[in-house]
């Protein structure tokens, strides 16, 4: 598997920490899935911060702070700087939201923030679209990882633009790519890996399942399945049938 | 998982034994996937039969003889009787082929052969279409398992008629159903299990992969993923985005 | 366009007469669409029959009586005989319903009724599935027209199994085929004609539109569009972009 | 139909003038389709310019010059200025290409050129993606028309991201939107109009058909069909069947 | 005698189908008839005897899809 | 007599199926048999007479999908 | 002086950011700080003067997707 | 002087754009012009001086998609 800014992850699965019914259920989901990265955020101190901080450190996974909810480059940059100090990592999942309904990335604010943060030594994981031109600009700015969306955050629709994602993957074969947002079922995750992506990041589909720990495990198996499939050289699809059982030696009855 | 004529399978994966580059590779695929059923056939004795028989018995899995290549009920019935004696099992994967190009089941010949074989004590696994009326007739004839196709045998197209398969699954909630034929990628297998099917049967997608043992493992993980997903109560798909990270407590920057 | 039992239709559109808000609206839909066939049924005399009969004759189109609601071959055969006398035509849209929820055709009852009616001189328009083996049996029985479903009656889902329909179309190039049931939007109708079908039959999508006459016109244009497309030799789909504007002579600015 | 910078078009179809086998065939395509806008370009004078100019003026349609092949805002701006003088129109189909393989728009160069040209009094028709944030920036810059792609230019794939296009359409209900590029079949055009788009622009699918004039007519009918469908209030899609023929009064046979 | 007409039991004086239709007020009406599930052509109505308990269907044109 | 074995005409001295299998070198082999399109169980091979032109199928395990 | 802390106006005696955090009970807490929209590293809190009306954000770890 | 016209180097006597177009045989032709990447309106051609090495583009209508 490609590395992420020099880090080789044990599993191609990144998991959010939000929307779980309880911290215990969240921990169970990390254990059952073997997710190797946990996304976290910064919010106003209300007393619960220390306990959450202790807990996520206890997960023994890489922490990936996000800039969720930031609608401008400036907000995202300041949030990233605060996160680097708080979480002690220069990894940042950079979200610059362009629209409240779709939570889609703002290509302009995203590029601006990416250029500033890369110059400031951050290792940026940009939450982006499948736009290939935007991708090339982010790579020029210093990104070694891209996180294109599959569908709007929390929608569970899966991969809305398979052709666009395939084109993006093919355009930058050497860049690590993570499908982030919109996955709803394990088959979506397997499909993403079959398209050649390097990992997935998900949260809602696991946290909102009736049994998050089991669903987390299901996604973990699906991404591994998709990765193995890509590695094992799939058959070519055919438009006609071909008998699997040999016809030769068939009896005349 | 539902049982198959009283037998509970350790894994929801059935694997064919044909088209592998070598017996050793085939055995490796069974080991890596943990497939619990192996499909086999009868062909004219050419000297290789005994060795193959010894080998498949050595796999330690349930054997499911097929009637591949039979184009009439009579042929299929005679083949089934010979298979029962040879393989010492009353399980039969009943194929009555209706057309050489698509290898699609012949609904009429299939029903006729099913009625005869069920009456004769066979445990029939009918290779059928997603046709719900045909399904009900096969169930009336005594089938406790159905094997609807996903796509033409060996095509690797996946699930050509998702709505039809979903309708079939919903119509007979208590009948064990195996998606047989046409699967090309693990995501197809996961999707089948997410639709509520109980197992998959595949051959070409594994045997024709560059590394069959790894692809077999990929499919095994995918079916487990799909089964766990169904068991864990997936989220409902939404048409709009919903932030995963809480908005409350967001800083004003 | 292929003929239908020797009759060449002026337009490849057949329209049902049910579920319209009023007879006047229904007539408007026929006028605006130029539909060349109207489907009708027989029901218990309640006093309204004569007026409806006068009205549909006034449409000046071919009448195609159906056997809607018949769940057995016997019922369908008797209904067909009554319809032939009443409507004075040997055309019959043969429906033998296999399941009340999906209203899908019963392949067995349909074939039985078709064989009896063809032998009795009827010109059968069988409402069938995309099943190619069933199709060949219906053709052997004497059908010169097939009416495969696109989706369940009244669902408006469009073409649920495009691959199956394409295969059916290719298998019997000389048989007139009408996509019947399940069309919801004009694009579905255009797609059916692009797949090489010869006509469509619809009812609910028109009758339940807010403005049935306008929707009927929309479908009429769509089927003509699809038919012209097939006739004019469409471009081949490409996986990559090709500039339409010539690159040669481009200025260097 | 929405207007385009104050101009109401007689038909929602715009047609390119390139890749036709001959000028006569091109003229036939305009006549048969009733396309109301013709796209044209500027290239180095090689002697044929005057004749082409006379011919396109003779079409009696609105001319929409493009900036095809421009890979920078600067190139596109200069080309637009030259086109305004040459063709005597302030309409410009603004293309700023971001990648030679996909010919996809460059969001950054496109926005820069749009801002300059709108400020300079041009009526910009930007060739853009389905990106909603980019769309809002183009609208802020002064665009009253957007031309999102359906698929890469000349690919004929149709609408690659239906969800994205539906979202874009819903986000800006008052802006005229034209699906430009990638349409291959009339059903694609009908679908675009059913999604609520106001017109289509195509070229390759018509020019490369075996009979361009007939295919142009097919697309013209399809866009009209789609527009009428949207206007006539389509039925709601259902997941289950509903009989069209009334069940009441059904005989007991 | 009592026979079932379009699902309702009726007391009729008629002994033959043609008479029954007249008695039911359908003498002139354009209808198609089936007796006990079998089609009876118009030409055969005069000669078709009725028996108590017969199931008569008298059908006419209706909207259809 | 001449019978057809797995699609090839063979001259056999055997008069019964069991003998034929032995003569064909399949006396000990694990096989399933059909004569003229009908299954013949192993237990019935001794008693199964052959006639000239009979069609004998002798099958064994093979790969299948 | 009055400054705005996490969106609420507070009356503080502190003149520098470090003092303010102590006065607010966050002297020991693991937090990240921003003043008027700009990040203030922990090391700079002692030297960072406050002015009336300043907007102070004091953030901590929270769930995120 | 030598200037580049539509990508080809040409030796011209003309000192201004309008003269150059005439010398190139495009005096009457309907064309649009750009000099060194910038648009030159028709009205400005008389007054537009040329310098050695200038890049002149002379464009006309062509098919477009």
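When the chains are written out, they are named A, B, C, D, E, F, G and H in that same order, and each has its own residue count from 1.
By our rule, a residue touches a chain if its C-beta (ideal position, glycine included) is under 8 Å from a C-beta of that chain, and two chains touch if they have at least 3 such contacts.
All of these numbers come straight from a predicted model, not from anything done at the bench.
Between the contact lists of chain A and chain G, the overlap consists of B. Note on A-G: its contact pairs, compared by residue number with those of B-F, B-G or C-H, agree for more than half at B-F.
Of all chains, the one whose mean C-alpha position sits at the greatest distance from that of chain D is F. If you compare B-F with B-G, the chain pair joined by more contacting C-beta pairs is B-F.
The greatest centre-to-centre gap from chain A, using C-alpha centroids, is found for E.
The mean-CA centres of chain C and chain F are about 54 angstrom from one another, to the nearest whole unit. Taking each chain's centre as the mean of its C-alpha atoms, chain B lies 72 Å from chain H. Centre to centre, using the average C-alpha position, chain C and chain D are separated by 32 Å.
Chain E and chain G have Cα centroids lying 94 Å from one another.
Residues of chain D in contact with at least two other chains: 16, 18-19, 41-44, 46, 66, 68, 74-75, 78, 101-102, 104, 153, 157, 203-204, 243-246, 249, 251, 253.
With touch defined as above, residues shared between interfaces to two or more other chains in chain F number as follows: 6-7, 34, 37, 57, 59, 62-65. Counting only pairs that meet the touch rule, the chains in contact are A-B, A-D, A-F, A-G, B-C, B-F, B-G, C-D, C-E, C-H, D-E, D-H. Interface residues of chain B, counted against chain A in their complex, comprise 16, 18-19, 41-44, 46, 66, 68-70, 74-75, 78-79, 101-104, 152-157, 184-188, 190-191, 194, 203-205, 207-212, 214-215, 217-222, 224-226, 228-229, 231-251, 253. Taken in their complex, chain B has these residues touching chain C: 98-99, 101-102, 104-108, 111, 129, 131-134, 136-137, 151, 157, 160-164, 167, 171. Those residues of chain C whose C-beta lies close enough to touch chain E in the complex are 16-20, 26, 39-46, 48-50, 52-53, 56, 65-66, 68, 74-75, 78, 81-83, 85-87, 153, 203-204.
Every residue of chain E that touches chain D in the complex is listed here, in rising order: 6-7, 34, 37, 55, 57, 59, 62-65.
Those residues of chain A lying in contact with chain F across their complex are 243-246, 249, 251-253.
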